[in-house]
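Both complexes below contain chain A, partnered by chain B and then by chain C.
Showing the complex of A and B:
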């Protein structure tokens, strides 16, 4: 299957799966380790991918949340993300996709302007999170946040759904239509 | 948005007498202020900048006078506005700064073996290094070597008294200046007498300028002089001492200006777009690949005419450079490199760009090679400095 769809598989009992897509393997691995260290009522599964489409030969569970990790130091990761976004079904963008920009702390190393990523997240109507994944403390905090978001997207938190969360995150910054 | 287009157009009207003037779009601060007033979130349109035209140098600037600014490696700093600075007191400032340097030396804080800190400082204005009439005049601080006679004038008299018999037609003094060891003399000839006109060698140069600093000039009050860009060439210790004096006297703050890879690629595109009669240097890029145990550097040199041809094929709107054109220009270079070497340069970090117009390093070092585009290069650097201050 070349396009990821959110509801084409049945969910497994008490399991939440997150897919991290990005070119920086080391950072993704560290983030995955931090997430697995968090204690959480549901069972967590973290999948890592360099780009989409995912190979269809592997049997994988239903993916609840996709996080695209963009490294502001390299244009290559931005291009990779843009190409991978074509392989995600539109119904995923109802709260089950999130963008994570890393590397904003070291301004002198940045080769992508911050506003490029802001515009990308805005055009896909998805939240954008900033985190310097190289710093241990920030990574642990971001892992906590992602685990919480994942639980909501998998439906394990009663009363809150992914779409609910999306509208909550968006109301604090609503760009006016003339800007876009 | 119409409202900040209107605010952009007012600075333009003041320069309408020179229609080919180089101007840059509204800074982020202006746009941010607009959006805060309207309480909307801010997502800016991609910046557009004008290519510098060669007729930028104002008529009253002599190319010979600015020739000493070219072909030298300058370290960049951004500077907050100076409080109560006046162009009439430059001699006074020279005197105060010289006294400060002498005091610092006597404190013995900036001691380096073999380092000669005996500099005498002169302030002077640099005429013509400005973008619009509203910009403050640039001024220059030069550190010249002191003649050794001036420094030891006190000890000579003492030493002659100790000797007893002294021939008034010759000078005798001991270079080390310690008391007690008076059996060693050095007799120098009369030609060592100091003359008022003797020019010392320039050891340290620093200059302050502001090109098209409209956004900062509008926001500060009358007492402040805005010269956001400071360029220094010379020993680091001298820069530190002189910087400390300026910070104490004018309540300003220096911070080193680093140029990130995004701005370096803009510079590469803008400088390649400049029309040159003949090219003095090849266009060269340097990337740093972070990999353990030590980083790898990739250097990519292009013939300047080929780079110009590539730029002309990418360039659509006459007289203006847009973000898409810069990205396309760099992507062409990256894909060409990838086709031959299978390395994704976009995953590495650009650290140095050098063209026939100027060359820039990410640590904030710049060397300007062409006097025609001096103002254009400085204008972009001023924009970066202003952005850092804000």
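Showing the complex of A and C:
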């Protein structure tokens, strides 16, 4: 069973790689396009995958940030994410993993409750972002955010590390005790 | 000319859009070339219609001519009606007779008129051995209602007929009987296919898939990536590209390149009993068989099946009925070019899977 480890490869010069994991191929593709439109000093590479583990390939660069895209309209999406999480090494969760929940805007189509995803993100100690990836404007903003996060995780921003960012992003109140 | 006929012609012509008007009038062939040329088609529609009705009056248009115009309009706008498919069969030991169109028409008309005094029956033959029949229904005491007719398209060389399902309930048995007797068959059975698209129903029923092939079928696979964008940024890397290509290849091989016949609705019944080995499940102890009715409806059923994206094949190892397993089975069945039977088999499979689901739940 291959597990993704954060530091098992050497970084390439000025390159930052992000891995987007999710079942909705079209959304991932659109997000990737939006991210690549951003101005960025480092060279960006975006990998798209349906689930983990990834098919083995020697040429893959070091992954700096993993974003799990969960579609709140589909239970299958959540199940896929939960199973993929098993294939990620624990040291990745020190700031290099992030959850992105999409589809919260259309409440009537949501089959996953918001709290489920909140609990998932909390149990993996990783930030949870909400974005309706179908809307162009929100997607562009989220792409910007992800690019900045990626730069930090790749170590291209002096003075800030992934772990610093994680503690900054940690919201002061986790899910309350009644919800747990 | 009767006022009702004039009104009927006027309403029919009003339904036709200006760009189709000339084509339809030419197909109708009731008004001559010279008469058509006297009309200025650039006027407002009401004036054109009035002029046309006047010309028809001068030529003493009958109810039959008006009905013919209605048939032609429907032939141009087949999608406005929902078509059911009926299959006729001969009794055992009966020979195949030569089809005599005249005899068929007379016989059909006679049967209907004997049963209901007031019916208007009109016929129009087309090139592909099809007879379009229009029936306007009345009762013993009222004249036929020309605005709610039923259409039947009968392909004389085949045992199939398509009926438009407007107001069919009451007159269906009579219509079926008339059709069966007139075409010298023994019985008629309604098939489980219904759609707005007559061409698609024909393609499925007559197994004419070739009519749907386009010219692009000779271009190689790589150029026709259905989902993958060739112009995509080289900085985006799809991890599952091998899997995706395999899926596309399977889809390609099975469904082919051409657009699928547009099937909208299919319904299948399942009756099954359960057997269990170890755990005495509730279902196995049932005396009555489990009955299931599975209805498939979609704006375009076969395209929807085609776009069933398979999940990770590794998940199959867990033995769940995930998307991928279903997809595989669909591929296996639809791959056999025998469409109608394989669709039946497919849906039986699906019904079986649903029954399996019941097992898991209980």
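Keep this in mind: the second predicted complex is superposed on the first by the 168 of 180 C-alpha atoms of A that agree within 3 Å, B and C clash if a C-alpha of one lies under 4 Å from a C-alpha of the other, contacts with A are read in each partner's own complex, and residues count from 1 in each chain.
Throughout what follows, a residue touches a chain if its C-beta (ideal position, glycine included) is under 8 Å from a C-beta of that chain, and two chains touch if they have at least 3 such contacts.
This is a predicted model, so every value here is computed, not measured.
Residue contacts after overlaying the shared chain place A:55 against chain C, while chain B stays out of touching range.
When the two structures are aligned on the shared chain, A:170 is found in touch with neither chain B nor chain C. Ranking chain B and chain C by residues of chain A touched puts B first. Contact with chain B, but none with chain C, is seen for A:110 once the two complexes are overlaid on the shared chain. Once chain A of one complex is fitted onto chain A of the other, the partner contacts of A:47 are limited to chain C, with no touch recorded for chain B. Shared-chain residue A:29: touches chain C; no touch with chain B.
In the superposed model, A:119 makes contact with chain B only, not with chain C. When the shared chain is aligned, chain B comes close enough to touch A:73, but chain C does not.
Residues common to the contacts of chain A with chain B and with chain C across the two structures: 76.
In the complex of the two chains, the chain A residues touching chain B come out as 23, 73-77, 79, 107-113, 115, 118-119, 122, 173-176, 178-180. Chain B contributes residues 1, 38, 40-45, 258-262, 265, 330, 334, 344, 346-350, 362 to its touches with chain A in the complex. Interface residues of chain A, counted against chain C in their complex, comprise 19, 25, 29, 32-33, 36, 43-51, 54-55, 57, 76. By the touch rule above, chain C contacts chain A in their complex via residues 227, 229, 232-233, 235-240, 242-243, 309, 311-312.
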